[in-house]
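Look at the two complexes coming up: chain A is in both, with chain B in one and chain C in the other.
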Partner chain A sequence: MAAIIGIKMRDVKIAFRNLTRQKKRTILLAAAIAFGIYIITMINGFTGSFIENVSENFSNLLAGHIFIEGVEKSESGRTLSLVRNDDILMDAIEDNEVPWKYITKRSDMNATLIFEGETAQQTVTGADWDQEEYFKERIILTQGTFEDLQAERQGIIISEKVAEKINVEIGDRLLVKCRTYTGQQNVGEFVMTGMLVDSSLFGGSTAYANISYVNELLNLKPGEYMSMGIYLEDPDMIDETAENLYEDLKTRVSMFERNTGDDDENPIIAMLEQEDEEEWEGLRFRFMTLNDIMKEVQQIVDVLNTAALIILLVLFGIIMVGVTNTFRMVLMERTKEIGTMRAVGMQRGIVRKLFLYEAFFIAVIGVAVGLILAGITMLILMQINWGLDTPAFMLMKNGYMTFKMPVWQIFLNFGIVSILTLFAAFFPSNKAAKLQPADALRSTK
Partner chain B sequence: MAIVELKEVKKVYPLGKTEVHAVKGVSFEICKGDFISIAGPSGSGKSTILNMIGCIDVPTEGQVLINGTETGGLSDRDITDLRHEVLGFIFQSFNLIPVLNVYENVEFPLLLGKSRMTKAEKSDWIDMLIDEVGLQEWRNHKPNELSGGQRQRVAIARALVTKPEIVLADEPTANLDSVTSEAIINLMKKINRDLGTTFIFSTHDPTIVDVADHIIRLRDGLISDNYRQDDARACRE
Partner chain C sequence: MRKNIILIMTTAVLFFASLGFVFGEPDFDKMLEEIDELGSFEDSDFSCVYTFVSEKPGEETEVTQARMFRRDANEQFVMLILKPEYQKGQGYLKVDDNVWFYDPESRKFTHSSMKENVQNSEARNSDMDGLSLAEDYEVDSWETGKLGNFDSYILTLEALNNEVTYPRLKIWVRTDATIVLKEEDYSLSDRLMRTTYFPKYVKVGDKYVPSQILIVDNLQEGEKTQLTMKNPSTAELPDSVFSKAYIERVNN
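Now for the complex of A and B:
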């Protein structure tokens, strides 16, 4: 096989042995390549899981992969978020055979929680917790359980920080001041049934309650809600499913235009702007997907990957200078030996190959060591629980860092490194091959 | 028939802004199977002539013919093949490949080109050569583990491994003591007799010059003396 592709074991053997002649130099050169590969692998590994983790965390926190919100315009021109009857929506979901796992229905309100004179502004999300399994798995409670919340109709789960701020404990009854969906002042009473870890992103500003009581405070009827979230069985099906469902819904109800994400504008903002810019009345629906929300996150990932590639190229630009200089030095050291090999019948091409094989082996060793070190570092980092009380939790999976790197990316990096190393070694190799045997043998180096 | 023929060969080396006329017009013939000494003091042009016969250097003027073929018109690839198939080299400073052991150093030229020998035949032949030069016990040792005499023996075995018609030895005893030098020359002479290989060696040591059948003395790039011990004037057909 080796002979078929023009590689002779003799050349490979000599090139490999040549590496051992200056062990320190070989180690240093391979270490420089290993360092470059280590850095790029860590960045690629992190960004590889970045989009997946952020997407998963968002889907859990926002309760779905596809979101449908009802928006109603009152006679006074005020817009109200409301789904009064979702039969049409459910029919469309059924007719399109949407592969859903959970369908969540939520109502949200901005409220002021008051306890013994202390107040805290909160978004209170009301949900049917039987349909929120993903979310319940994601939220870490330090006290109480979701079962406690479901058992107490007026129950509420708030974050540790808010609980500390208003000095409330499990079982305490706290006052809530809010507005109904039509904008009238309303008050109620929550019973604290749980405390969650403050993620500083949602935990600090959002509290969770039962939808029946939130609807009561919003003056919505039972069965009404503000937004529907559809968890799909496979997140990879978001775009295809959303496209079909949206096109079907357009034939059944009035829909805001959905930005397809073809231009640079954020699709969510584009959709929200339609409310103000367009003339409309009655009931319309907003339709968005997790991928629409993730578009900007994807842009961050793209920037990170581009930055990683630039780092790789700059780093290897520097390393390549080292490789070229090393091989120039090797050429000087082995001039006489090259003369001998040429004298006993070695063709120029083989002399060139010996140098290039040597460079290739250094690249292979460097890449292998870099990958192994990156793998070990990743394994160590993956064992550490960084907690959920950090803004970085969105980048992690349940507080643990994860790394994902497709095999093609490893081969691509290996290919780039190999080509650059061979390119750097080519000129000294070529010079070696072109040496006249007599000149080389006369060398005193 | 002459295995090597030089016709009015000159060699000029540039040295800064001046030129060094290393060989100033030399003509001679070497017969197949001869044991020839090219003798002369340092700077007389011995190594330059040997390099041109060995096709590792080209004359500035004149012709070098190997087996009747003028080497000046050959491509680098053909010249390299010629070196591999027809010529063997022994160098003053041995020039062994440091990363290879004795066996591998001897084997090395065999790996560079096509050979009619099978793998087993090659192995037997290499072992026979190593045995012939008395290094069987050292076959797995690297050059840095050998004495100067042992290294030169490896170089001799390496020069013979492709069964060349001509072996060129550039001052093969210069780095050796007198006892080892004599042993090396005797070994070369024995191989010359046993295998019929033509040996051309350069030396400035008068004690080993006389071992040769044919002696060419050089002085300042010109032949000062050219004679055969057997008084023959030309190569036999």
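Now for the complex of A and C:
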């Protein structure tokens, strides 16, 4: 095999032997490359799972991958959020054979929870918890259960921090001040049935209740709701499914435009702005996907990956200077040896090859060590439970760090490092190859 | 005999008619219109300075001062915060049904609504504007009573649409003058949310405007806001006052 690609085992052995002659130097060079690979692998691994974890956490918290919201214009021109009748939506989902796992129907309201003079602002999400099994698995309760919530129509689950702030305990009745879907003031009473772990990003501001009671407070009728979430079996199907469903819905009902033509504009904001900018009447639907919401998160990932690549290049730029200098020293040390080998008939090309093999081996060793160290570090970090009350919760999976790096990325990094190392070693090796045997033997260096 | 029957019937009709005249219910629709008219400046502009003193249990008393400009004929108002110092420059602009809030720190206008509270007080933006009781409410029931020294009609008003802030109101109106003394605001679930007292009125032009208002939060015990109005004027205001540019410019 080696002979086929023009590599002679003899040359490889000599190059390898040469590496072991200056162990410390070889180790230091390989360590420098390993360090670079270690850093870049950690960054790539983190960003690789970043988008996946954030998407998954968002899809769980928002209850879906595709979202449809009803928007109605009242006689006075006010914009009201509600879906009165979803037959058309359900027909479209069925006709398009949308591969859904769960379909959630939720109503949300901004409310003030009041208990014995203490208040807390909360978004209260009402849902039919029988239809949201996956969500119940994601939310960690420290007290009470979702069964308790379902058993008490006016039940509510709030975060530990909010419960502490307003000094409320399981079984306490607390007042809720809110507005109906048309903006009228309303007051109700919740019974605290559960306490959830505060996940900082959402836990601190979101409480969960039964949709029947939330609808009553919002003055929505039974069966009405504000937004539909479609949780797909495969998140990779989001864009394709959404495109087909959206085009079909456009033929059935009035829809806000998804594509505003401005790639830089956040699609969600663009859609919301249409409400004010366009003249419209009656009922319209907003349609958005998790990927639309994630667009800006994806931009963050792209920036991180670009930064990682720049770091890689800068880091290896520095390392390559070291590699070049080292090989120049090697050249000086082995001048006489090279002269001897050349005098006994070794060809120039082989001398060059020996140097390049050495550089390549250092790169391979460095990359291998860097990857192994990064793998070990990742494994250790993945075992640590960082908890759910950390601001980085959204970047993790159930409080655990995860890393994901495609194989092509590993090979790409290895290729970049190998090419750069060979490039760095090329000039000293070329100089070594060009040495005249007589001059080299005369050398006093 | 027949003449007697006609006479008795005529007398009875006149008697009950006179009873209706004496004890019959006043024209409440007209009363609501009068209340709206008394609090609205359709023929002139209106400006004044409001001081809000807000008390909340466990918190320091907060004093906010705001200059108010109203042009009710065009459904416009501008409110500029003068005090406290850290909120100075903030402002509200209402044009038709749109309310904008200006924050000088971000130099941006954001959507607000007439249903939002003014700063951290119990008063809402709608409390600062002209009234539209006749348009938004109808009298559901009424009774008479006494509030302090004043004989009053106590009217229960039901909203005519589902977009007004409070679906049900109870107002105490003096029987001898169309002046509101007290207002109770109820939620859709019929819970008392807020009580407003109007102990003092001042005559501005031919209108009566409350110069002192006390708003009590009935849900959060101990929370109340007292409004005092000063320097009322009906002098004409420049059109430029009712613009975003004015709010941006005025404190720079």
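Here is the rule we go by: the second predicted complex is superposed on the first by the 442 of 445 C-alpha atoms of A that agree within 3 Å, B and C clash if a C-alpha of one lies under 4 Å from a C-alpha of the other, contacts with A are read in each partner's own complex, and residues count from 1 in each chain.
Criterion: a contact is a pair of C-beta atoms (placed from the backbone, for glycine too) under 8 Å apart; a residue touches a chain by one contact, two chains touch by 3 or more.
None of these values were measured; they are calculated from a predicted model.
**Q** In the superposed model built on chain A, check whether chain B and chain C fit or clash.
**A** Overlaying the two complexes on chain A (C-alpha atoms) leaves chain C and chain B fitting together cleanly.
**Q** Between chain B and chain C, whom does A:Arg10 touch in the aligned arrangement: first, second, both, or neither?
**A** Once the two structures are laid over each other on A, A:Arg10 reaches chain B alone.
**Q** In the superposed arrangement, which partner chain does A:Arg21 touch: chain B (first), chain C (second), both, or neither?
**A** So A:Arg21 only meets chain B here.
**Q** May I ask you to decide whether A:Gly375 touches chain B, chain C, both, or neither, giving the answer as first, second, both or neither?
**A** neither
**Q** With both complexes superposed on chain A, which partner does A:Gly345 reach: first (chain B), second (chain C), both or neither?
**A** first
**Q** So, does A:Gly387 touch the first partner chain B, the second partner chain C, both, or neither?
**A** neither
**Q** Is A:Pro437 touching the first partner chain B, the second partner chain C, both, or neither of them?
**A** first
**Q** Given the touch rule stated above, what does A:Gly322 touch, chain B (first), chain C (second), both, or neither?
**A** Touch status of A:Gly322: no partner.
**Q** Just the number, please: smallest Cα separation between chain B and chain C in the overlaid arrangement, in Å.
**A** Between chain B and chain C, the shortest C-alpha distance works out to 72 Å.
**Q** If you look only at chain B, which of its residues touch chain A in the complex?
**A** Residues 51, 54, 56-57, 76-77, 80-81, 83-85, 88-89, 91, 95-100, 108-109, 111-113, 158, 162.
**Q** Which residues of chain C touch chain A once you look at their complex with the stated criterion?
**A** 57-58, 97, 113, 115, 159, 161-167, 185, 187-189, 191, 193, 219-222
**Q** Could you pull out which chain A residues touch chain B in their complex?
**A** Where chain A meets chain B, its residues are 8, 10, 14, 17-18, 20-21, 336-337, 339-348, 350, 436-438, 441.
**Q** Where on chain A does chain C make contact in their complex?
**A** 74, 76-78, 114, 117, 119, 175, 177, 179-180, 182-188, 217, 219
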